[in-house]
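One structure is given below, represented as structure tokens, and several questions about it will come after.
In order of appearance the chains are A, B, C and D, and numbering begins at 1 in each one.
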Amino acid sequence: MTTLIEDLVNSTAGIPAQKYSAKDFATDQDVRWCPGCGDYSILAQTQRVMPDLGIPKHKTVFVSGIGCSSRFPYYMDTFGFHSIHGRATAIASGLKIARPDLSVWVVTGDGDGMSIGGNHFIHLMRRNIDLNVLLFNNQIYGLTKGQYSPTSEIGKITKSTPFGSLDFPFNPASLALGSSATFVARTLDRDPKHMQGIIKRAAEHKGTSFVEIYQNCNVFNDGAFFQFTEKDSKDETVVFIEHGKPLIFGKEKEKGIRLNGFSPEVVSLKDGKYSVNDLLVHNEKDTTLSFILADMTHKPHLPRPVGIFLAIDRPVYDREMDRQISFAREQRGIGDLKKLFTSGDSWVVQ
Amino acid sequence: MTTLIEDLVNSTAGIPAQKYSAKDFATDQDVRWCPGCGDYSILAQTQRVMPDLGIPKHKTVFVSGIGCSSRFPYYMDTFGFHSIHGRATAIASGLKIARPDLSVWVVTGDGDGMSIGGNHFIHLMRRNIDLNVLLFNNQIYGLTKGQYSPTSEIGKITKSTPFGSLDFPFNPASLALGSSATFVARTLDRDPKHMQGIIKRAAEHKGTSFVEIYQNCNVFNDGAFFQFTEKDSKDETVVFIEHGKPLIFGKEKEKGIRLNGFSPEVVSLKDGKYSVNDLLVHNEKDTTLSFILADMTHKPHLPRPVGIFLAIDRPVYDREMDRQISFAREQRGIGDLKKLFTSGDSWVVQ
Amino acid sequence: MAQKTIENLEEVTIRFAGDSGDGMQLTGTQFTNTTAILGNDLSTLPDYPAEIRAPAGTLFGVSGFQIHFGSNEINTPGDHCDVLVAMNAAALKVNLQSLLDGGSIIVNTDGFNDKNLKLAGYTQNPLKDDSLSKFRVYEVDISKLTALALQDMTISGKLIDRSKNFFALGMMYWMYNRPLETTLDWLKTKFKNKPEILEANIRVLKAGWNFSETTEIFAVRYDVAPAKLPPGRYRNITGNQAVAWGFMAAAKKAKLELFLGSYPITPASDILHELSLYKSHGVKTFQAEDEIAGISSAIGASFGGALAITTTSGPGVALKTEAIGLAVMVELPLVICNVQRGGPSTGLPTKTEQADLLQALYGRNGEAPLPVIAASTPSGCFDAAFEASRIALKYMTPVILLTDGYLGNGSEPWMIPDLDALPDISPSFVTTPEGFQPYSRDHDTLARPWAIPGTPGLEHRIGGLEKQDITGNVSYDPENHDLMVRLRAEKIERIANDIPLAEVEGAPSGDLLIVGWGGTYGSLKNVVARQRAKGHSVSHLHLRYLNPMPRNVGEILLKFKHVLVPEINLGQLVKVLRSKYLVPATGFNKVRGLPLRSAELEIEIEEILKGKR
Amino acid sequence: MAQKTIENLEEVTIRFAGDSGDGMQLTGTQFTNTTAILGNDLSTLPDYPAEIRAPAGTLFGVSGFQIHFGSNEINTPGDHCDVLVAMNAAALKVNLQSLLDGGSIIVNTDGFNDKNLKLAGYTQNPLKDDSLSKFRVYEVDISKLTALALQDMTISGKLIDRSKNFFALGMMYWMYNRPLETTLDWLKTKFKNKPEILEANIRVLKAGWNFSETTEIFAVRYDVAPAKLPPGRYRNITGNQAVAWGFMAAAKKAKLELFLGSYPITPASDILHELSLYKSHGVKTFQAEDEIAGISSAIGASFGGALAITTTSGPGVALKTEAIGLAVMVELPLVICNVQRGGPSTGLPTKTEQADLLQALYGRNGEAPLPVIAASTPSGCFDAAFEASRIALKYMTPVILLTDGYLGNGSEPWMIPDLDALPDISPSFVTTPEGFQPYSRDHDTLARPWAIPGTPGLEHRIGGLEKQDITGNVSYDPENHDLMVRLRAEKIERIANDIPLAEVEGAPSGDLLIVGWGGTYGSLKNVVARQRAKGHSVSHLHLRYLNPMPRNVGEILLKFKHVLVPEINLGQLVKVLRSKYLVPATGFNKVRGLPLRSAELEIEIEEILKGKR
């Protein structure tokens, strides 16, 4: 006996992904973000990347929680689920385990994903279910009109902290790594090319891909990331990390990151003391290195690392679940309910 | 006007901590753990350390969630709160913020603290509220009779995973560090001396202290840590990390940990290739190093690190809250409700 | 200068509507404060757009603010408005249905360009066809006039655009004959350090006034005489602010620290915002990682001896359920304030509703009774919060305080109470170990003692497992469990002896009793007054205590031929009344996310009185 | 060899009691299986110690297992027992109160040494004084006899000690004349690879039998003839297992994958354990990080087209509340199974209770109606789970299935149903985009279509915000909200047309109707039977559908002079009946964490019949 879903999956398996354009992924709903919100760019880049993935629209699902960012699914012409605050990761986990044939994306915010949804987030990372998680980090609660979030800098003055917040912020990348994530990346709302590249890599990764996107909330936290995204500063403040490449930055590529012991430090490539060969070379397969790089995030005097921190392979939860089922069926035959009911001690009353 | 609590705190401030003995911290309740359970040792060590802390019993509170481990408060003759599953950290946070004058301890299990309570755990770490968290990690759900937990090894056969679990486990130390903890340590139920030392250090730390204790559940997960705790193996499998000291282990202290680049590796101190001077020297003030050491935990071929991974100072939430209050009062005077009510636009109807 | 007539009005309802960015909330608030100080009674209701700031000119970006004021008692912000100020086409479209036939519309014509019309879904300009013929339409190019007023200043276009609400405000001040001082003072404080903006806003405000005074567009202006309110000092207050202050007053009376553990959620967040301002009063606010941590931290603070509260709405209550059960079991004081909003699930987060009553009464595992109190007016939120705290502290119990989006955001004049005259709250910390038993009980209240950490000799343990009577030790004894379940229930029941009897407004017996609770108070009061004016035998009972209920409720119900229970839900209180008192009460239910409309209810009442229902 | 008499009995209740480590659950289960296969009707109830394995010999470490079997219909595990097997002093102390006067005690004398006596709190040995004079006491040194039976084997003392329960089992098999085969077979499979243990257990079992046969200690043995059960194939089943299998059957009938998202909690965990065994049936079980993730993952799986369920108890339900509201709003099929336990809060986790009914009905924010179904016997849990699934799938709605600790852990013979004869379930996935609208509704059921990801052309979005009728787009329209709130309610109400009418057991009218629900079925049935045997006009109505209720409930209630509602809570169903049908029903409530005791209830009934209540 096959299930209805198996029937469906089989009957539609032959349908090739169409040649889509970005526009095919737009819905007829009015986009309701504030004019100028960084979310628009993320939506655009996602819609741009989708056609390249070769996945039919009907096989794609976007699941979100609650927040400005979580409105995202309404604007993607795929299957979508705008759920409840913080639970998108958990809902998507169930969906993907039930339906490994689907391409499942989670869209969440720094409040949704890191505050109320923190627990599901860390457990998703360690389980390595094949989901793609896009965290729109604007370091603020947008939808509820501007309270500080778990990624807000300490001392932040907001509606709920008129005297300044007291909580030290999470670094989402470190949190993900500390939770044994297999794919951790960071990109910027105002760097469309980079974002597209990262989203593609996230889609390709087997297992949970976590992408933190610095996103400007121009209403409640305008300019939070401008130093990393705006022309006049970004060359000096951001180091793009790439697998196999040394960490170089600066307007004229004149600076690099070297390890002093195990601590990263900025060195000049100009004063003759250090050359490119002395620099730290990124290896996205190395968990230890990923911690070191992510840990640069909150360190003053170091540029902000952007790119893929880690991308390693580990058994994927949903696939392993299917493997267990196949294995059990090989070993014992496909379960037969009638047999099960009469197995063990049963007796007949005449 | 002072509050009733201020009155109490002031009126009892003079009472010195008595000269207690461990026995003073025992209650009249029957201890209901299974004979042989590792929890007994943790209870004993805690009761042994308490008298040395110089804190009066009436100023000490133990808060726990639900689980075998969470029975702990019933056996400590201090104030105690056996609360609900996973929420001890959150309850203790409120208690400590309201009452910075108290010494507040959290006792939790790997299910209570890492599974259902994971979110409060990570937020507590970043907030750095002055609590002491003891996580009894037995890699199993004891109280509910033996399901796997978020720290159980992959492939674990339990009541809920007869075909083996699929989830990659948390390493609690890495998770705490990824959440920006300020004090992270690990100790062993079967090493009373070490445990006492660590508990004392945790008590002394200002800010959240997180102590993972490997604890044997002899009923549902017997021997999970025996390789690290039993005489015949522990010298080879455990490296005790101590501030300022090189990482040496082995029955004859003949092995050490060296950093190869940034990756720890085991080297022999006997074959003449490496000496103690080549070894990694622990520095508990270094966040980057703490990640490297914690990351050794799940790496085969490396001994299990035990000791204090990190102990750094950072502003303490509950103190900062009090500082804000004092500051506001200095700036504006002590709040006067009558004035507040008539502030701004008000008018009189005759 | 044209000659202007002055007419006297008893009451008026004005609705300001524009884009989220148009500052309509501010305009409304300013008009309200000025009107309050003039001595009118009033009631206001903001009508926020749903959730996010939407692109300019869209229907879903429209923000509104309604004020109903008069020289008589004002009980609601008004079902409909007499005057609509519409800053653009979308604002007109969205709000036109709330305007009374014959009402006035003041439009900013600049907000009716092609783009605006299209965004609002108009195929033709409503100002140009006869679709508004039922109304008096005043067309003013507010944008242009604002720009003109500022033309000699070197300020940005954006700033000019942002000032235009002051032009509208100036017009309305002129039209309703209100002084500019209150707003001028406010501007001077607010923009102390931004002289440019200050200057611009003052100019535009005055320009609006002068324009109205000078041009012939308005022929009449109106006077609304002060209301005859009871003597005292007043201020205008929203329900959310009143809740916050009620808690502060209770903490002060009880000599306790106030601790709020909360997670932001619409429309409760303002209570968190408000309380976080009062560090100098020693108020501790903790923005937790979620609602569970919000209430858990409050329980911890309560264990530590604070007046602990947690505030939330809708889905947030659901998340607190487990911890409320713990608070019931450990018998610690705690107030859970639920600012109800449209449900189920995320529902209509910015709209009002009364659909969480049964959840408050029954929404926990096991027998977990607790007191439930509901506020019925914005200013009454102060008393309700105070009373909830009093009961929590006196009876050592969690208390649920229900308000709603309408009460929380709505405002009205509040007679500032004399703090000294407020009821006494004296929580008694146990202080001596002699005879101390964590679960011994007060003879009258059945409250257990509050033995807070830090008190020498009182070391004890509490928890969520069933407790042995008196000792509080864990007990699995069947008879003890039955006893404890009953003791916890009895403790809550006894509160009925400590609350005022319910009072019927109107005759104590008759044909029809309208029973309400919560934010429908004003509407129901109006409706009943009108019905009585018509000579109908209708009375009104409004319940502030939902659990336990006042002792005389059953008695009252039996004195009426028919009992009708209007609620903004599908019938919740009516279920409780039927079950408790076995009266054939019926419901009148509209679940629109809006306050009840009087007209529909009056029709229902008259049908009932005619025997048709 | 002594001559033994054989007596015939209609029914017997035996209680095995010992330390947690003594294997009493296993002993009881073996006795049960053998007895079931012999054809007796039976009912069992384990009585676990509270939570943790306690040190040997302590009172709180006592584990019990009760079996009630007979040649007639058996409805409950028995209020009291006829025979108590006590492996140590603590077991005697804890269980003596459940033994009938004149009952038998078989004690393991080795469990009454000084240490045991002290741990059990005996100041003197009860075997040595006359405190047991009301009972027939059989003293056997089971430990020693077990050791003797194994003396020539080289096995550890620990193992010998662990085998002694088989000695007791052998004695009871002899006493009640049961064959050893079932247990022998079981041992052979279980210890296939451990020949030593196999051999030891077999020897000890036989030793127990032979000892009883040989010695003069027992003079009588008993026969309990097979019961006249309806013909069919039977097996013994616990409620938790029956729930699991009911879901599997429903999934199979519906041709769906079964997905369970759950978090361990007593006493629901066994359902998770059971379902996790069936990988080869394609069942997917997901042990989530908490209850919220448990239900959320199930909602995700349901969105993906699975028969999705979540199982929990007590505090776990509270945590699922918010997500249940989401499921109501998005109208996805889902079954939430609550194995009720003693509350509030952590309460009495290993005890039974019925105190979550009102929570199931009302415990959510907003108007969030859903069907509630309750099982009434352990084997009936199969049908209840199946029916809950059928309704969830047909009406696209979350359904709450209530069982309880007593039903979940209790067991009884279950007539294995013919799978083909079970009602059809045909969930209809929409498959074509033509005319597809996410919130269009089936004409009869009002169910919306299930359009699952992977179906070309059906891309659509759902969520927790209020939906527009038909399109499912987000809508803040007031009238639409009112409509949707009513549609969701109406959909649930209509299920009343799709469920059987309620049936009264006994006369359809009379003096007294006993109305019950859930796990009290067996007790109430017995009580009513006895009352009728006494000639009293008492009937019994047991509700399986709590929401909506069968259409004829109101009618039935009106046919009786008095309606009494016994519940293991403070009166929950009674509230609903009074409110819905305005009948003056009264409650009979015992909240002891135990099944209702017949005697007390009978007294109450007779008082009512005498007009004293």
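One rule holds for everything that comes next: a contact is a pair of C-beta atoms (placed from the backbone, for glycine too) under 8 Å apart; a residue touches a chain by one contact, two chains touch by 3 or more.
Not measured: the values here are computed from a predicted model.
Note on interfaces A-C and B-C: more C-beta pairs are in contact across B-C.
Of all chains, the one whose mean C-alpha position sits at the greatest distance from that of chain A is D.
Centre-to-centre separation of chain B and chain D, using mean CA positions: 39 Å. Taking the mean of the C-alpha atoms as each chain's centre, chain A and chain D sit 43 Å apart. Shared contact sites, meaning residues of chain B that touch two or more other chains, fall at 66, 84, 115-116, 118-119, 123, 150, 163, 321, 324, 327-328.
Along chain D, residues 60, 279, 289-290, 315, 322, 325-326, 330, 345-346, 463-465 each make contact with two or more other chains. Those residues of chain D whose C-beta lies close enough to touch chain C in the complex are 50, 60, 314-315, 317-319, 321-322, 325-326, 328-330, 340, 342-351, 353, 355-356, 358-359, 361-368, 463-466, 476, 478-479, 481-482, 485-486, 488-489, 569-570, 575-576, 578-580, 582, 584, 590-594.
Residues 115-119, 122-123, 126-128, 150, 154, 163-164, 166-171, 174-180, 259, 261-264, 286-289, 291-292, 295, 298, 314-315, 317, 320-321, 324, 327-328 of chain B touch chain A in their complex. Listing the residues of chain D that touch chain B in their complex gives 51-56, 58, 60, 263-266, 269, 272-273, 276-277, 279, 285, 287, 289-291, 315, 345-346. Only residues 33, 36-37, 39, 182, 186, 226, 229-236, 245, 248-249, 252, 254-257, 259, 261, 278-284, 286, 288-290, 292-293, 296-301, 303-306, 308, 322-323, 325-326, 330, 415-417, 419, 427, 429, 431, 452-465, 473-474 of chain D touch chain A when the two sit together in their complex. Interface of chain A with chain C (complex): residues 30-35, 66, 68, 71, 84-86, 115-116, 118, 141-145, 147-148, 150, 159-163, 165, 219.
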